[in-house]
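Multiple structures are listed underneath, in structure tokens.
Both complexes shown next keep chain A, but they swap its partner, so chain B is in the first and chain C is in the second.
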Partner chain A sequence: MNTQMNEVRSESEVNIPAFRLENMSIAYSGNVAVSGVTVDIPQKQLTALIGPSGCGKSTILRSLCRLNDLIPGVEISGRVELFRQDLRQMEAITVHRRVGMVFQRPNPFPKSIYENIALGLRVNGYRGKIDEMVERSLQQVALWDEVKDRLRSNALNLSGGQQQRLCIARALALQPEVILMDEPCSALDPIASLRIDNLLNQLKQFYTLVVVTHNLQQAARIADQVAFFNTNRAEGRIYGTLAEFGPVVQVFSEPQKQETYDYVNARSN
Partner chain B sequence: MQGEELDLSAIVKDVQMRKSISVRKFWDTLFSFVALGFLILGLFVLLLLVFQLFVDGREKLASLGFYFSFPAPSAEEAGILSAWVGSIFVIMVTVLFSIPIGVAAGIYLEEYAKTSSSQFVRFLTDFIEINITNLAGVPSIVYGLLGLEIFKETLKLGNSVLTAGMTLGILVLPVIVVTTREALKSVPSALKEGSIAIGASKWQTIWDLILPASIGSILTGVIVSVSRAIGETAPLITVGALTFIAFLPPLPFSPRLEVNVDTGEAFQVGNYGPFDWLFSGYTVMPIQMFDWVGRPSPDFRVNAAAAGVVLVLMTLALNSAAIFLRIYFRKRIKW
Partner chain C sequence: MTNTALSLPQIRKLIQRQNVFDQFVVLALLAAALSSVIVTAGILYILISESVSFFSQVPLGEFFNLVDPKWTPLFDDKNFAIITLISSTLVTTGVSVAIGIPMGTIIAIYLSEFATEQVREWVKPILELLAGVPSVVFGYFALQTVTPFMQRIVLGVQMFFAPGRDEFDYYQLPGFNMLSAGIVMGISIIPLISSISEDAMRAVPKQMREGSFAVGATRLQTSFNVVLPAAISGIIASYILGISRSLGQTMIVAVAAGTQPIYTWNPLDGAATISTFIVEVAKGDIEHGSLEYNTIFVAGLALVAMTLAMNLLGHYLSKRVREVY
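And now, the complex of A and B:
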């Protein structure tokens, strides 16, 4: 599996951050959702975004792969870089190719298991052998043995955990540089989500992963870096800011700010 | 939570509320019977109507000649051949004309214009949406005038199958646009986002995922609107459908005959082109009926009733096709 994935990685030096956010703010038709975020998200590590509801974690995540373009009235200010390139100047489809996304609820296409992965390859004009790539991606998410006899059956017949792994495989097949995940386990049972956690722990050696989660235990299990966002009130409106960013041990054991301490401990007690 | 004591006595003691349950149950039952009564009334009137038509026209319906003879001056010989063939040809033009335009317009409005980054385009979309919804309610005879002016007078297409088909086409166009938009709207946005996230372009998303997921609803809407068009009379009278017609639109590549004026013999002068049927004169089922009903001889009423039954059956067949398609596509798509 190592050799398979190593050829995927071709990007430049290890020390440049995957994402660099400088004073990034996002507003939905004038209402600020998240404000003044400055952070470097390192390569080939798993960065967990945590924080209370409404703090803008998912909003940030969706902006990192330009999915917010679909929503009219979204305004983004500040600068976002993907491997030193200005993300907002890039072609949206290029961003989608380089930055994969896994959603909160598993959303496989209503097609066969095989087609779920092959479609992504085909729409991007992949020239290699699609069969091999399908098998490889399914093996990466440890789904191959479970589905190899029914690749032609509808993906919606899989269980929730299998569907989510299929969605991860779908993203992996395109050989992205970064994979973003928006609460990938919140719709899954504990056993299925543990399998996903183990999978993420393996994948982070080869990919840059950014995972939004409400589950602090999960964050502690899988993350290398943790970004804690908190909510603020101003003139009756709620918006989020980045409160603390650092290695997982630091954020959970010796947070620099009182608000981080309160959030982390209120949940884990 | 444990520190606060809730006062539960008020809930337990309220017998009054228990009593009201039986009263509400009574009203519930009463209303369901009233609703059922009106349903039966509506259905009964409708069934009676069809039954009456069937009884009136039963002799004609039983004779094969009725379906395969042209209209004639005497009621016994008159049949509906040119009418049902005309109806099928006209509806074919309607479908071919309105589906591509209507579905494409619906896709543009729902998938492209609505998420446009330009405020002006989004405003224009809202404006167009209101207008299209209104157009769906415009009386059909107004569309007849439109067809008369555009297709017959301006484009000089004459009293042809093409004019009639396209006039009915613009009649059903707003309905097709609206149903297409509704069908596209019902596709979960998670699916669209999933597709965008794998780097698919908008068109690839529409073609590979959104259309396959919504094609059932779109087709259902199209068929239901076309089955409305098949019974339309007013706009076709306006654009000049014929009422007495003893020939069929020429099939593509069928032999073209001409009559020698001196001898009265028919001889072949080449073949019809593939599109000649579009420019042929025509009549359709409702107009044939309308003509027969208006005649003084009561014998023709029998013909009209029989033609009515055939028309109802044609509509029924189309609607059954719609239901079948809906079930067929629903089975394949599930979220």
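And now, the complex of A and C:
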């Protein structure tokens, strides 16, 4: 019965976007951070969010997994859908279970390396072998060889880059439908960062990925779609808007707007 | 030359003056820190020197007598088995901890992880008020309110399980008992434990909680799996402060647990704790330098030793716990 339902779902849903944002605006205590974003984020592809600092990339990402609920004074307007469902009407926990998140700064739990991954599995009632899943997800982020002898030691003793890979492994272990990543490689060395790029390229066959990055080369290597956000000024306030969205080749080589061209060619105005 | 720049000798002089000032400040800070060390050392010196003169008159075997312990230093037939006082100190502290630690921790978790800002604004001042209640008031609360209440409960429990007897044939909880004193001591340390634990939990970075929510954990799961372990050393510190406070608690036990130095481990009995004994003796007129006088200090030394052991245990525990996760 379950498989039947899944089949019906997959047939009708194969082409629907993972996220559909309609005129979405987000404000912190009345200060608009992002305004009027309308975009369809396709499923099973990697969408990169790029743009200058402060244009609201993290803000959007946090709203897509309902983490902004926790911040008092956040107002969201417009409509957000997750696979056709109204995201803002869903239970926050359901959203958290379907949409994984890797944060800008690594935030492992103050527990052992093993527990960092096992905890998420346990709270989600994972039925399989936890040991195997821990190993598999650590392998995926190329951390296994570095930590396999000290799985029981505290994750906070890892280096920043190792912590970030652990956080990615933690999200992967739960096999969510969508994984959001906020500058996942900003704390990594070039080699480790390249490994993550390769991982992301593999993962996008199975998952919908939305990745914020300041590294345009990385965006070019990994992205299918690119969303470029820009900052605007009105009455002394700065807020972000979606300036351009399209396939990676188009945004980088034939941008439709001058501001996109300037940004991807690293020109300031 | 209207140059604002300083010449090299001028800069040297400035740095020198700065250095002298810095050194002065460092010395002042050091002196402040040393003063607490000196006071502690002074107290210890007095306790130990008086105890030395005590042990020159009382054999160690008598002091650590566990076989037939009695504590009767003010009688003609003198007995000095300290376990008599230690047992009641441990019993009242145990009851107090059994109340104060769970309640304090639950309140801390609630305030830090669940309560809205409005609820916190209400509850925190009430807790502060509780912390400000003088211990003698707590003592009479234990004696006048909690003890009668506990007496009815003890009676009710017996009547429930063995009905049919005359009311006075049942066991009666004595008017002075360590249970009531311990319960109220537990209530009195709730604000201490909850406020320190809450501070420790609120200091846990919010990114850590977000990481937990992002893997689909509930608030409760996040509190226990992420926030508690991250704040554990602060929480253990609050427990140790609470326990030390209970060990040394004087007024509540003196008022509600009685002043009879009886050797017992039963919380339903009344018995004098170490600090009860010290105030009792200090109230009476005993000769300076006499053996009775020395017993105050030897009892005080025992109390200090217990508190110290508590602190060492806590230190060890918080280190252990940190290594385990």
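The working rule: the second predicted complex is superposed on the first by the 253 of 269 C-alpha atoms of A that agree within 3 Å, B and C clash if a C-alpha of one lies under 4 Å from a C-alpha of the other, contacts with A are read in each partner's own complex, and residues count from 1 in each chain.
The rule is short, and it goes like this: a contact is a pair of C-beta atoms (placed from the backbone, for glycine too) under 8 Å apart; a residue touches a chain by one contact, two chains touch by 3 or more.
Worth saying up front: this structure is predicted, and the values here are computed from it rather than measured.
> With chain A superposed, do chain B and chain C clash or fit?
After superposition on chain A, chain B vs chain C: clash.
> Who does A:Gly120 touch here: chain B (first), chain C (second), both, or neither?
A:Gly120: touches chain B and chain C.
> Please indicate which partner A:Pro190 is in contact with in the superposed arrangement: first for chain B, second for chain C, both, or neither.
After superposition on chain A, A:Pro190 lies in contact with neither partner.
> What is the contact status of A:Gly30 with respect to chain B (first) and chain C (second): first, second, both, or neither?
A:Gly30 sits against neither chain B nor chain C.
> Which of the two partners, first being chain B and second being chain C, lies in contact with A:Gly236: first, second, both, or neither?
Neither partner.
> For A:Ser112, select first, second, both or neither according to whether it touches chain B, chain C, the two together, or no partner.
Touch status of A:Ser112: second partner only.
> Taking the stated contact definition, name every residue in chain A that is touched by chain B in one complex and by chain C in the other, in rising order.
65, 67, 70, 72, 93, 96-97, 100-101, 103, 105, 107-110, 119-120, 123-124, 167, 170-171, 174
> Contact residues on chain A for chain C in the complex?
For chain A paired with chain C, touching residues are 65, 67, 70, 72, 92-93, 96-97, 100-101, 103, 105, 107-112, 115, 119-120, 123-124, 154, 167, 170-171, 174.
> Mind pulling up the chain C residues that touch chain A in the complex?
Per the touch definition, chain C meets chain A at residues 117, 205-218, 221, 225-226, 229-230, 322-323, 325.
> Of all residues in chain B, which touch chain A in the complex?
That would be residues 114-117, 122, 188, 190-201, 204, 208-209, 212-213, 332-335 of chain B.
> Considering only the defined contacts, which chain A positions touch chain B in the complex?
Residue list for chain A touching chain B: 65, 67, 70-72, 93, 96-97, 100-101, 103, 105, 107-110, 119-120, 123-124, 156, 167, 170-171, 174.
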